[in-house]
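In what follows, chain A forms one complex with chain B and a second complex with chain C.
Let's turn to the complex of A and B:
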């Protein structure tokens, strides 16, 4: 019974982690940006979903939240990342660290902004579907099952998109070798701009689902970036399958710790694994760089 | 304009002079002209922080509209400590040394109240704690009276809060619903230590055998494992001690349909904004609070609750009632002392006998266990138990103000009916 509970709960938590981390890793692959405002974008989506749901109902709220995620990603790209990327005043080799710092500061601004507008009290979005379902003998909120399904649906669609459409293939190619793609005549900046939108979509969906599951507050901005960052480093920077595997390993470790030891030290064993990985295999599970 | 500038200049000179001499005391407090400065402190962004500030503003507006204190208006200085003890202490120092407040009122979260408490003695400024519950607050005054006598504890301490929960659980759950067992679930914080200790003692006396006890970390996000463990122990009721954390356990309890009633203390559920914050997941939650809409504990309860709700769009949390009271009994103490001198005011505060928003305010004496703590009991203050029913907070205990009895949420079986 306890094992089943861990299995079900861990599956959903991991799927959510995975979805959050995939966007993060794609952005890194395609434009070489470690976006430390990642958590800020997820929380923005969650907050807008909650706020819009107050007047327009849960579903429109969720849609508005995802839209806000996309908007926030674009704002991050055009306002914070792009100006630095194309600035002639900053030396090429220093741009990475400039962008890293800029997104970190941007994350703090988002956090403070949300705290100012909505306070730092956590909010939760109403479950997309109410009620509970007995699943493998475990009384699970139906919404939680839906989260697992939606996450994998989105991941599946992403897989089809990347492997079976022209635009998707160029995104994949840009992730593998951006310079080569540019030499072949592809408009790299346009692909990069598109990827930021795709990223916003994924982070937005993850943010809204998270808010229906455990709630969100401006205080979570740092934690969410941290967990996505750990997963992506663990899985290998830039590798989507690596991120998914890492999300499941970390998700299950956390869940098992919470059930078998205590929820108070939930994150600790996973972080210990991460440190170990950095010692033994710094490129991560499936890392290329 | 010129006069004001000059006054500010004088204040700055006097203030910095006092600082330079290492006095740091309320240099301006003795001045008999101009407004009386009083400070209020809380973390603004929390439900239970905003309520402190709101309660203070209502008191100050009302007192000033009726002539102030001895003909002098109150000037309210507000401080946001952002949940930080360091900022709380700094604000207290700034309040006394720069803003020359004659007293500091408020503060939510016991850890921060305890950090600020010694400074009331060092700064020789009365400090009225209206939103924290640790028994350590009055205990410090008892153990070291001369240094700590400036602190007053104007909210029931955790041990009394636990007694209130036990008394109400006996009347509401044991007798009418046939409940026999309880599981204690509290956040790990200073105020819940004495609370849990007292729960473990008084619940069995009230007829509820304690079958388990969990203290969870306040940064817990997923409560499924906690509820899972509790369900395994098969208690009839979960007795809670949650304040800093409120939303997540409540929402997850609702979404997961944990088939056990949650009663006890859920401090944030005392304010009506909690309904919106939780999307109604708080339906069915039972909590002890200072007062509740429509329950006339004194003749002041209902008018205050209504005026507050009208002005701020939410019902008051417990500490809005207590903070509001504090300004009135402080006013009375200053008027009896005919001075804002800290020692004289403290002597008068000790004689407080004031019927406020939630009962009769009196403080325990120097030789009693909880020195300067609020007196507990039917003649003084007991708090009320309320339940969220159909989207509304309804008084269910004590009997004299009860409007309803416990209604179980749809997914919780009624024990008596089930066994028939």
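Let's turn to the complex of A and C:
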């Protein structure tokens, strides 16, 4: 019974982690940016979803939240990342460090801005579907199952998009070899801008789903970035399948620890494994280096 | 003609460097004299704020040696600070060590902790190294909470000894400590060792091709950074009279240190102190606007980063420099 509970809960938590991390890894693959404002974008989506749901209902709220995620990603790109990328004042080899610091500052601004405009208390969006379903002998909220399904649906759509549409293929190519793509006459800046929108969409959906599941608060900004960062490095920077595998390993370890030991040290075994993996295999599970 | 040109431009550059050095020297001298007179005209409240700022200055300067010079993205300076602070605090509480032995023991503990972190972590580069240092902080934080019986957990614990009761004395301790640390770290950064570190930070492969032992130099940078961070952490504990996660380990402290160092100017060492004083003073000044104060500080820091990437000190020393 407990094993089944861990199996189901871990599956959903991991799927959510995976969805949150995929956008993070795609951005890194395509434009070499580690966006430390990632958690801020997820929480923005969650907060707008909660706020819009108050007056327009849950579904419109969820939609507004996802839209806010896309908007927040674009603002991050055009206000913070792009000026540094094209700044003549910053040496090329230092840009990575500047982007890390700038997105970190941006994350603080998002966190404090949300706390000021809305609230710093955790908010929960009402479940998209009510009720409880017995699944594998475990009584689970239907919404939780829906989250697992939606996550994998989005991941599946992303797979189809990347492998079977022209735009998607060019995104994939940009992740593998941006320079080669530019030499072939593709408009790389346009693809990069598009990828930020795609990233916002993924992070927005993850943020809204998170808000319907365990809630979100402006204080989660750092934690959410940290968990996405860990998962993505664990799986290998730039590798989407690697991120998904890593999300499942970390998600299950956390869930198992929370159920079997105590929720207080939920993250510890996962962190220890992460350290071990990095020492033994610094490029992560499926990383290219 | 050409060799003369070379010599001439070389001479000019050396002259420019000398001037820059002396300008910096005079600026620092004047600043130190002004800072030394603060207790005679400022209130205890101002002294308290500045005392904290000076300790943060040492945190930021230690971080700059690692990040600005060796090019290692250390996201977790509070790992080193926290190890030093908790080691000193616990030795003081449980082993009865008095303030100064405990402080040096804290610094030594931070060096050992730094070595344990650095030896394997220096195999990693860039974001991977950054993540390991971040995880180190999270693990330290969790360990402190798990062993709450000995560490006081999330609330923290009171240490029996303090540096001094009088705010002026505390202020001078912090000021002298910051000045000495700044002088030693600057001397180190400008020594051949510092130049090699800088070369390693900019192009590790070429530095290695030139025959420098990259790992050894980075390790030394890590040890020096750990020593000053740990000692600053320990002294900070004996100033506050308590040791807690929120004061010396929390990720928010890491962020503040990074902001301070970047604001002040990377690869300047002293910029870290300047940035820390500005940051702490600005946060205090903006306290009346409540939650928005952090927002404003972060926005100012972001604007400085975007428009003056060299930070305050870079802007002060070469106002028209394009790079």
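Heads up, the rule we're going with is that the second predicted complex is superposed on the first by the 289 of 289 C-alpha atoms of A that agree within 3 Å, B and C clash if a C-alpha of one lies under 4 Å from a C-alpha of the other, contacts with A are read in each partner's own complex, and residues count from 1 in each chain.
By definition in this document, a residue touches a chain if its C-beta (ideal position, glycine included) is under 8 Å from a C-beta of that chain, and two chains touch if they have at least 3 such contacts.
In this text the structure is predicted, and so the values were computed from the model without any measurement.
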Here chain A is shared; do chain B and chain C fit on it together or clash?
fit
First, second, both or neither for A:124, with chain B first and chain C second:
first
Chain B, chain C and vertex chain A (Cα centres) - angle in steps of 10°:
70
Which partner does A:206 contact after superposing on A: first (chain B), second (chain C), both, neither?
neither
Is A:72 touching the first partner chain B, the second partner chain C, both, or neither of them?
neither
So in the superposed three-chain picture, is A:226 touching just chain B, just chain C, both, or none of them (first/second/both/neither)?
second
Go through the superposed model and pick first if A:112 touches only chain B, second if only chain C, both, or neither.
second
According to the stated criteria, A:100 is in contact with first (chain B), second (chain C), both, or neither; which is it?
second
Look at A:215 in the shared chain and tell me whether it touches chain B only, chain C only, both, or neither; answer first, second, both or neither.
first
After the superposition on A, what does A:250 contact: first (chain B), second (chain C), both or neither?
neither
Partner chain(s) touched by A:30 [first = chain B, second = chain C, both, neither]
neither
Which touches a greater number of chain A residues, chain B or chain C?
C
Smallest distance from any CA atom of chain C to any CA atom of chain B, in Å, after fitting:
6
Considering each complex separately, which residues of chain A are in contact with chain B in the first and with chain C in the second?
115, 120, 264
The answer for chain A against chain C in the complex is residues 34, 80, 83-84, 87-91, 93-94, 96-98, 100-102, 104-106, 108-109, 112-113, 115-116, 120, 222, 226, 229-230, 233, 237, 264-265, 267-268, 271-272, 274-275, 278-279, 282
In the complex, chain C residues that touch chain A
67, 71, 73, 120, 123-124, 126-128, 130-132, 134-135, 138-139, 142, 145-146, 202-203, 251, 255, 258-259, 262, 291-292, 294-295, 298-299, 301-302, 305-306, 309-310, 322-323
Chain B contact footprint on chain A (complex, rising order)
2, 5, 9, 13, 53-54, 115, 119-127, 130-132, 139-141, 143, 214-215, 255, 258-259, 263-264, 266
Can you tell me which positions in chain B touch chain A when the two form their complex?
45-47, 188, 216-217, 220-226, 228, 247-248, 251-252, 255-257, 276-279, 281, 411
